[in-house]
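Per-chain numbering from 1; labels A, B and C assigned in written order.
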Amino acid sequence: MNFSLFYLSPELILALGGIAALFVGLASKSRKGFPWPEVFCLLVLAAALVPTIAMLTMGRVTSGTSIFGGIFAVDGLAMFFKIVALISTGIVTLISTDFFRRIRFHRGEYYALLIFATLAITTLAASADLIMIYLTLEFLSLTSYILAGYLKQDTKSNEAAVKYFLYGSIASAVMIYGMSLIYGLTGTTNIVEIASTFKVNPASYSLLYLAVVMLLAGFGYKIAMVPFHQWSPDVYEGAPTPVTAFLSVGSKAAGFAVLIRVFATGISTAILDWAGLIMVLSAVTMTVGNLVAIPQTNIKRMLAYSSIGQAGYLLLGVAAMAYSSIALPSVLLYIFAYTFTNLGAFAVVSMISTRIKSDYIRDYAGLIRRAPAAAVAMVFFMLSLAGIPPTAGFLGKFYIFAAAIQSGNSWLLALTIVAIINTIISVYYYMNVVRYMFFVKAKRIEPIEQPGIMNFVIGMTFAMTIIILVYAGPFISMAHISSGMFKGI
Amino acid sequence: MSLTLTGIIKLVFGWLHIPEFLVQPTVMIVAAAIILGFILLVVLYLVYGLRKVMGWIQARIGPNRVGWEGLAQTIADALKLLTKEDIIPKNADKWPFIIAPIIVFVPAYMVYLVIPFGKGNGWVVQDLNIGILYVVAVLAIPTIGIITAGWSSNNKWSLLGAFRAAAQIISYDIPLVLAMVPAVMLAGTLSTQGIVNAQQGTWFGIFPRWFIVSQGVGFIIYLLAALAESNMTPFDIMEAESELVAGFNTEYSGMKFALFFLAEFASMFTVSAIAVTLFFGGWLPIHPSLSFIPPVIWFLGKAAVFIFVIMWIRSTLPRVRVDQLMSFGWKVLIPVALLNIAWTGLLVILA
Amino acid sequence: MPFDLHSINLFDMGKQFVFTLTLQKISFLAVAFMTFASAVAVVTMKNIFHSLLFLVLTFLGVAGIYLLLSADFLAAVQVLVYIGAITVLIMFALMLTSKLMAKRVSQTMEQWIVALPVTLGILVVLIRLVVLNPWGMKAAPAGPTTGIIGTSLMTKYLLPFELASIVLLVAVVGAILLAKEDKSDDPS
């Protein structure tokens, strides 16, 4: 029991911390003075990060370890996504301190909800049971709806919350239908048991296919996969920018965690060739995301479509998992790189937008004169999103493409070519932002104030974006260790 | 062949050569009829009793004209009610207006399915293994009827009454169920007969091992919440005469009004019967030496005591305000009920 | 005996499990028809309050199906939660939304022409697959299910059980946040 409580310690810390954060918020009503809620939120996240990293590095976690009779996995995959979630929420917290500086909002509850959302992601990443997956997905969605609608006076924020809610409830209804079909076919909700049941007793192919498609509706909604992506531009645009950053990184990573776990552990490709399905979805997702991103004039909408495109590349890696052993580490590496890059981009957007009071790309004109450091960092974030060296995004993309090519599957090869074409397309709209920042003349030239905290956030994410490529060793080995401690099919 | 309903009917059917498979449905129908008759009887004399008790408490005489000491008064009233014109207001939403009283009455009647009137299976229509949960679930349905009645009447007083009903019943459902939980925990079963059986025996040969001993707080919460659930004074804000004419049933007359009336008094008995079952040992005698008195007498006697308490409360206390009612339910009853559950958990572990 | 009417006693099924096929089918068909018909009524009624009343009937039908599956505990919880709490909450929400109750609005819009064939197609595929698939039936546990449910909630499914309470906490906090009127002197 002691041992399993240690396994559960990040979640326990987050749960208790979230409840305590409500009280901390209650106690520190004044906007002036020491920022207790923010600091407390960061402390809780850091406290949860320590045992997570310890479990990953100290070798106390092995593949296939689980507690509570197999419903809560304690393996490398779970730990990796927990780390991503904790780090990304930490950065989101820092962005929030700046974003909400001049806005009236319920501060204590906001940070408590961020902690709870992180708890949802960490439990989701470890869920190895359909009941648990459904519950945690709903938990994450519920928290996200509230966070998306946090700017109550802003009609766009309201719209974002309502749209997110409507799409989310339909998606999860479809998903739970699929889960019920799988339960009916196997008589169990545990993913490992589902896999072993299928091995002994192969199910009706078409019904399982239907169930998998329905599951994908729920997971695809979380990762903004085409055709379940329609909510994302509106929600990204309307939600407060830090929340958008959270949705585009933490929430998306959580979706991938559960997608990988269910498909890699629960449904063997021998029973159902899900890789083909994922490949088609990957091609559609990246193409739609990248093509529709081109005409966008609002930077948050542009980043929304960009993140749909990124989901497409990641799906390519997920599909490659069926054929290649280095696919999973490459997906993890990509997610790690994407986390810092995208959060950095959103940090810049948040900082600039709150000051120029606009989300339009054309208003970023002449940013190099007004906020040179942020503009330069933004260039690198855009390069990284496009996957151009010398940035982390390049490493991630390179690894994913390498995994796809190494698998030797001709369909994957074709998909890789599609992905490369898409990358080239994406350069256009990413560089469009750079063009505005550097080469279009600004209407106003007074410098934009850059608070220390944002300098820190942007500087840190910028540094990570470079370091992950330049000093790639530890990160590659982390991805390998994490995926090594995860038992696939 | 025992002297249960099934036994009697089997015997009769055997004489008349009626096929055996009809026994069970007949038992059900006869039991339903008996219960319905019981409810009608109980309601008739509960109304009379209420008027008498209220009269005495308020230093009046109460009904004393029709029949000996006014005993036939309610019968006369019922006849009057049934012969009244059955009005459906022109602007009312017809079908909801008609079915609303039925939605309110049927659950109040269905609850009697699990009330253990006496020892053994012969004295309870069906001893469900989810007994208490069934009671809670079925008692949740009348709210729908009350809101439907209030809404379909197309009358602002009715709608306001329905509004209040919705808010009140949602708030008081929770402490009601939470107050029932400890008895279930102590008995280890949801079955009503099982709960009564678990209270058998005495402490030191004197004190009955009824759950009230450890559940004093639970009983008070139950009583308050049950009063609110079945909208009785001081929690009858949903039909407050002085504020809302008659609340959700303002527009009702004749038979439909009679159904609301029946449901209200039927649930007054239900509330007492459940209280007796959960906290006061059901049909068990107060001391084993008194077990020569039949269990059913014990049960009805105990229920009568609580009915008197409810009438007493009703005729003494003024009505509470809506906001007081809400904050009392959420901020006092629910936390206390939760603490009570924790305390009972401790008892169960230590025992 | 082909027509064992003892099985009319639906509440007893958990204990006895002795219904003959015909009667089981009859009760199922009746309950299923009620559920289906009232569900159709929910989405076709022009008055939202009438829809809601039919929704109650649908929930009752689902509870009936649970009973037929000898899940008596689940049936009671279904009635308690869906009819006792959720429907009442929806009614409350309707009454608080101004003028929604009296309106008569068609529930369909011009896109139904597209939606209908798609939905019907999905329905046909689903029914075909579900009917054709040989489902491995497990016998229902004999005896009351309450204890089994309680034990598994407290042992194997303890984590989701506890997590659910945090989900509810978040829902409560969120509901208050979104519904609360912000006063001008609101802090922070």
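Following the convention adopted for this analysis, contacts are C-beta pairs under 8 Å (C-beta built on N, C-alpha and C of every residue); 3 or more make two chains touch, one makes a residue touch a chain.
Nothing here was measured: the structure is a model prediction, and the numbers come from that model.
Colleague: Identify the chains adjacent to both subunit A and subunit B in the sense defined at the top.
Modeller: Of all the chains present, those in contact with both subunit A and subunit B are C.
Colleague: Give me the ID of the chain with the smallest distance between its Cα centroid and the all-protein Cα centroid.
Modeller: Closest to the centre of all protein C-alpha atoms: chain C.
Colleague: Hey, which chain ends up farthest from subunit B, C-alpha centres compared?
Modeller: Between subunit B and the rest, the longest centre separation is with A.
Colleague: Report, in whole Å, the distance between the mean C-alpha point of subunit A and the mean C-alpha point of subunit B.
Modeller: 54
Colleague: Counting only Cα atoms for the centres, state how far subunit B is from subunit C in Å.
Modeller: Result: the chain centres lie 27 Å from each other.
Colleague: In whole angstrom, how far does the Cα centroid of subunit A sit from the Cα centroid of subunit C?
Modeller: 33
Colleague: If I count partner chains per residue in subunit C, which residues reach a count of at least 2?
Modeller: Residues: none.
Colleague: Can you list the subunit C residues touching subunit B in their complex?
Modeller: Residue positions touching the partner: 1, 3-6, 8-9, 11-12, 14-15, 47, 49-50, 53, 56, 72-73, 76-77, 79-80, 83-85, 87-89, 91-92, 95, 101, 144, 146.
Colleague: In their shared complex, at which residues does subunit C touch subunit A?
Modeller: 125-126, 129-130, 132-136, 138, 155-160, 163-164, 166-167, 169-171, 173-174, 177-178, 182, 186-188
Colleague: In their shared complex, at which residues does subunit A touch subunit C?
Modeller: Touch list, subunit A to subunit C: 8, 15, 18-19, 22, 29-31, 68-69, 71-72, 104-107, 109, 112-113, 116, 119, 123, 129, 131-132, 135-136, 138-139, 142-143, 145-146, 149-150, 152-153, 161, 184-185, 187, 201, 203-204, 206-207, 210.
Colleague: Residues of subunit B touching subunit C in their complex?
Modeller: These residues of subunit B touch subunit C: 21-22, 24-25, 28, 93, 96, 126, 128-130, 133-134, 136-138, 140-141, 143-144, 147-148, 151, 159, 162-163, 166-167, 169-170, 173, 190.
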